[in-house]
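Labels run A, B, C and D following the written order; every chain starts at residue 1.
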Amino acid sequence: MQARLRRVIRNTLITLAAPVIVYLLFFGLTRLMGKQGFGIGPDLRVIIQNTVYSGFIALAVSYNLTSGRFDFSVGSVLILSVILGGTLATQAGFGPVGMVLTMAVVGMACGLVSGLLYVLVKLPPMITSLGLAMVFESLGFMLNSSKGIRLIGRFDLLIFAQFPNNLYLLGVALVILIYLLNFTQFGYNTNSLRTGQKNAVDVGVNEKKNAVICYVIAGALMACAGAVYLSQYGYLAPQTGLASISFIMGAFLPMFIGGSLAKYSDRNIGVIAGAFIQACISSGLVKLGVSSSVKTIIDGAIVLLFLVYVSNSHKLILKKLQAQKKALALSDAQA
Amino acid sequence: MKNRWETIKNYFPLLGLLILVVFFSIATGGALLSPISLQSLLNQVIATALVALGSVFVFGSGNFDMSLGACLSLSAVLGGMADIATGSLIVAFLVCIGLSLLLGLLKGLFASFVDVPLFIVTIVLGSLLSAFTLFILGDASAVHLKDALQPLPSFSFSQMSVINLVVLLSYFSLCLVLFLFMPIGRQVKILGGNAVTARQSGIPIKKVKVGAFLIGALGIGLAAFVILVRVRNIGASTASSMGTDVMIALVLGGMPLSGGPRSRISAGLVGATSITVLNAGLTMMGLNIAVIQIFRAVVFLVVVYVASMTYRTRLLPR
Amino acid sequence: MKKTLSLLLLISLLLGFALGTAQAEPALSEDGRFPVETVKIGFVNYDTSAEQVLAIQSYFEYLQTAFNFEVIWSEALNSAAAEFAFIEQCAAAGCKAIIGYYNEGKSESVKLAADLGMYYFGGAVNADIYEPEKNNPFYVGGYISGAEQDENYLAGYAVGKALVDAGSKKVIVMSGGKDFGVEFFVKRYNGIMDALNEGGAEVVYEVPGWPGTEAFAAHQTAALQTEADGLAGTLTCMMWLQPMQNAGKMGQIKVAGIETVSEGLVGLMQGGIYVGAFSEIPDMFGLSIPMILNAVTGYGEQQRNPDGSAGRVKVLNWVITNPEDMAYFAKLLSGEGDERVFSIEDLKTVMGAYNPDFTLDDMSTLYSAVTADEIRARHAQ
Amino acid sequence: MADTRKAPAEPLVSVLDLDKHFGPTIALDGVTLSFYPGKITGLIGENGSGKSTLTSIIAGMQQPTAGSMAFKGQPYKPATMIEAGRQGIGMIVQEQGYVPGITIAQNIFLGEEGLFRKMGVISKKAMVRAAKEALLSIGIDDIDPALYIDQLNLQDRKLIEIARIMRMDLDVLIVDETTTALSQKGRTLLYGIMDSLRGKGKAVIFISHDLDELMQVCDAMAVLRDGRLIAELDKADFSEDTIKRLMVGRELSGHYYRDDYETQENTTPTVLEVHQATSATGLLMNFSMDVKKGEILGIGGLSHCGMHELGKVLFGEEPLLTGSVTHTASGQSIVSARQAMDLGLGYVSKDRDQEALVLSASIQDNIMSAGLDRVKAGPFILPGKVQAYVNKQINNLSIKCASPKQNVQYLSGGNKQKVVFGKWVGRDCDILVLDCPTRGVDIGVKAAMYQLIEDIKNQGKTIVMISEELPELIGMCDRILILKDGRLNGEFERSRDLDELKLIERMI
């Protein structure tokens, strides 16, 4: 039992290490440059707010992209679920929780449509999601005669951008996701399908059902991200011309970080840790007075570096095995 | 029998284009085929066609480029700046092409030497480049050629159509020669079909990838120059939707997005024309924007489904 | 629930290739709609869901009950290249005129429209659009600021002055696209700064950019940490209300911005949150209809300057500092009842077909009479 | 050890007149065979004798072309491996059957993690505990199931698969050439499992190349050759010689092999020198050999002896950890396919559809893919030259097709192989490396292939032929090297009285 305990502690330490280090790095850097206020008080609240918002999107994207399914329609699902869900909720006079749930239901419906289309049509998800993004955008645009949704002043409803409400929402979602990924048949199937698609299917794992559930989960998560955005700004306008694809930009870094931390705790927690890191970077760079275009360049560079690391990390193990074999061969040559 | 079905399918895209033209001619009461409309279609198809033609090589070799728009606007902005500084169109032309080739080389080297899912790289690269364009523009939102050293000769609407035609035909014939009568064309098809077989047949994988990206970049550079000359005001979002437009165009042109032997140069031209006719027709009918977008999405999804009837795998595609 | 069901039915109908249901209504030439033959007009737009665009769309529908014109609305055009393509498509679709609500191509757009035999309305405010093409007969001109300075500068100045009059001393300025060199943002920003300096107020924080990015959220929070008692916006400040509520600063910070008149603003002004709003009048863009119809029906000359250059109609915008005006203006824009800022009867007074000896100055006087009393007086006749 | 003498009980599973055709090639030809409870039955035969095809049909991986099966007296026709597993028949295969990136416990209970759900929550602890028991039940006590499977070496990962299969209380266990992938510890463990199954009155079907292993473990043995059941032996009459002779009993129908027997003088110059080569993948270790000019050098051995990796090493397609391959004439050591081709080498890979051909391309594109430099005029490729180049290959190899533009996907196996040959013969290579050139090809095409190989030799070219078919090696090659577990284990000169028996002794 002792070894297991030590391993659990080691794992949680590693998962938490990365975000804490980045936080301290920027804390020191901003202080060095004479800028106060990074990471304390209201600035910490902004970091948490951005962590929650980008975290939800990264979680949604991670459920499909880690299994090789790239989804262009996440942004349009966010918009449609907020506009349709928000309108229905306000008409029915729901409270904030009712509103989020309505949005989540709409999000899940969109996810279901994407999932079924993918499973039935069996086309590469990137292509079908492009078409679906256009359809969802247009539906969002047609609602409320293209006015989107405007709840400014409805402080009773828009509570999900305030600390600690945003953390509660994320917390509830995380509990559900951790339960789903670690304690259900769906979770185990997702993990085995991700790395061993052929062998898992041969053994009888139902890949179609799993894929549809992943899309439904992604839809619900995008709706939550939408609820947080709506609470932050009070209104959301529909988009056209595939402008909603830009929503996915904030998801890459947290997802890659989450991927590499997955071994140590749980992919969902890893993604949130990644989102916290990205929020610290954003807030830190703003404090250092970096212009937004330079910040996008820095963000892009960091994502590229991480992408290269994540897709080549398996080669290290390969090199080690080959070195062992070479040593064996050399010693065998002498014998 | 199987083989005849294969050849029939080759003509699907052209058939599709014909159907679009007929449908919208009726829907717009013949306005689609009026002289003004035809000239306007040519002016609009030029940029998408130039980029799509070049992309046949990139997508054909099994790669995926979502940074087309960002590369185009960066080349156009720098070309504009060169024209303002030197007042000579030739310099602007060289800068557009040169920078675009440089970006193509960068992407080609990245594709050959770094083992990474390239399409995510190009998405991130796209946002990085458009941020870089904004950074270069500084506090001017766009480059205006009217404040160039020597004023640019102004072209009328029909003169512009002639220039477009000349540029498009010359680049199309260059691509045709490269694709059919030079090794790169066959090498791209084999590489896109099966990378292991390509390597075992002695095809220089790295050279072919870099070559494909350079030819693509040439198309982007030409498109940047043509837009620069015609529009004379280049902002950071000049062609931001080019990435998705070209993908839709190639699909409508009958090109498999996973590349391989069924790639064809005609897919670039037919596809770009189809998407232009589709967009122009829908706008001319004065439809609500949401209806236009749903119509475009449905056409796209139907064409993708029909084009992919042949292969069915037991495992879900990734 | 019924509403959503019918909506889903509509969507499935559309997905089923049923076209043409959502088209503009058929043109009836005989029933007193002017002119006899339908005039098609292309509307160059960049943000398909902007509140002002939606207000213009409902105003045009009102005008269409009397005037026989059809509008082709562009998709979100984000570049000159896309704008050129749209203009050409409109020519091909048989449009007679283009409304340059948005203009990326500068004078090249006007020249292209003229080349294709279409009249062009708009851009008169912008020298590098107006000057090169002012003598082009196809360029009908457009509106220009009634006051001496540029309308954007005036807008910024009005916003800054409203805060100063309301006693704000420490002001947050939201500079929007100023850092990206977008001209009208730069002018509005200068207007605000001049008003604040004259009023002895100081800027405690400058927030660049638009909502939606992590950087904007960080700046916004930092700004709300200061002891600011005023917020001046070079664009709408709506996206500050919720964060102010979240930061518990609602009421402490007085707000003034460049807004589109709406019911919501009436309540916010009554609550003392909004102290001032500069608002372009959507119906002002209705000026395009009489000018285009005059040009199409041969009365183009009367609306040009004596030297033959394109006419520039002086217009004023709303500077709203009290809830009553805001409520009245909101009712005018909402379209209930027949009362409008510029009603059909008002427009007829400056259209050759109905009033052959109208002059450019008549247009300026009509479009400058925009205060609540002036509008009530006009409608009383 | 149960007494095999008593009257055989009702058979547990049996096949009747089983046929299996892959296009023209006949993998199984009317096999009738029964497997009895409480007995381990061995299956032995050369590569391509139909052993794996038979067991994969029984395990539900493939469907037979004709014939029927019975299990516990009832008709039995499993559609998938899952269905067979539920009915009680499980198989352990050679290739990787585990799922990387997840824990050992998850691998053992792959797809059935729901067994440990209590009140809606799957308890990882319960699963790990059950995994520990599953491992113990097959005699493994030193592996912690909570670890990730990637932390185990390749051999132990195969044990985890065995643990997964053994969890289903099977009536029939099929072990298909798994022992070669196991360490010695793993092998003794597997024998223990088979013995315990036999003790519980279950049946085991055991495929292996290691004759001693079969004779020691099995109660009965069936010998297959060319898809037909040759003999069934009881443990009493096991003898190495009789089994080997049965395996290779076929007379050398020499009509399509070479009939000349003059030997090479050993003074002929070498063209390729392999020195102390260890390949990155596979078993090849410190392997050295020379390839003489103008000879047909045969390379034989069991399927996983490293000969396929040797083929790739010669062509620069397989990175070397130690040693080198030197092209004698130029002195260059070969490290890439492009370089090897420039030095005049050609390579026909054994998995034709994944490595030698592009299935979605036309015949013309495939043949041209390796010969672009042969049809270039300056920077251009002239269609006329391409037509001539391709038609020359289509005619002299008589590839049956509607036109050169036809898609390779729709050709028969033999014609596909001819296209591959066309690719390299067209290039006029000096040294041709052929890996199982006639595998899965019908007799008619085989004869044409052998004739072509002989013509190439007569043009003074050098051929390295890697093959799993012993008659082919004996019939065609001037010299034959036999590999076992990555090492040279025998060399034979071409002679009339060389027979398969001598070769098999060095292979097994």
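We adopt the following convention: a residue touches a chain if its C-beta (ideal position, glycine included) is under 8 Å from a C-beta of that chain, and two chains touch if they have at least 3 such contacts.
All figures in this text were calculated on a predicted structure; none of them were measured in a lab.
Colleague: Could you work out which chain's C-alpha centre is the most distant one from the centre of chain D?
Modeller: C
Colleague: Identify the chain pair with more contacting C-beta pairs: A-C or A-D.
Modeller: Greater number of contacting C-beta pairs: A-C.
Colleague: Chain A to chain C: how many Å between their CA centres?
Modeller: 38
Colleague: Starting from the mean Cα coordinates of chain A and chain D, work out the distance between those two points in Å.
Modeller: Using C-alpha averages as centres, the distance is 44 Å.
Colleague: Just curious, how far off is chain D from chain B if you go by their C-alpha centres, in Å?
Modeller: So the centroids are 46 Å from each other.
Colleague: When the centre of a chain is set as the mean of its C-alpha atoms, what distance in Å lies between chain C and chain D?
Modeller: About 76 Å separates the centre of chain C from that of chain D.
Colleague: What are the residue numbers in chain B that touch two or more other chains?
Modeller: Residues 134, 241, 288-289, 291, 293-294, 298 of chain B each touch two or more of the other chains.
Colleague: In chain C, what residues contact two or more other chains?
Modeller: 11, 15, 48, 75, 179
Colleague: Let me make sure I understand the interfaces: which chain pairs count as touching?
Modeller: The set of touching chain pairs is A-B, A-C, A-D, B-C, B-D.
Colleague: Within the complex, which stretch of chain C touches chain A?
Modeller: 3-4, 7, 10-11, 15, 47-51, 54, 75-76, 179, 208-209, 211-215, 217-219, 221-222, 224-225, 238-239, 241-243, 245-247, 264, 267-268
Colleague: So in the complex, the part of chain A that touches chain D is made up of which residues?
Modeller: 3-4, 179, 182-185, 187-189, 191-192, 194-196, 199-200, 202-205, 263, 317, 322, 325-326, 328-330, 332-333
Colleague: Given the complex with chain C, which residues does chain A contribute to the contact?
Modeller: 37, 41-43, 45-46, 49-50, 54, 84, 88, 91, 135, 139, 141-143, 145-148, 150, 152-153, 155, 158, 161-162, 229, 231-235, 237-241, 243, 250, 278-279, 282-283, 285-287, 291-292, 295
Colleague: List the residues on chain B that touch chain D in their complex, please.
Modeller: 2-3, 6, 177, 180-183, 186-187, 189-190, 193-194, 196-204, 260-262
Colleague: Would you mind writing out the residues of chain B in touch with chain A in their complex?
Modeller: 114-117, 119-121, 123-125, 127-128, 131-132, 134-135, 241, 244, 247-248, 251, 257-258, 288-291, 293-294, 296-298, 300-301, 304-305, 308, 312-318
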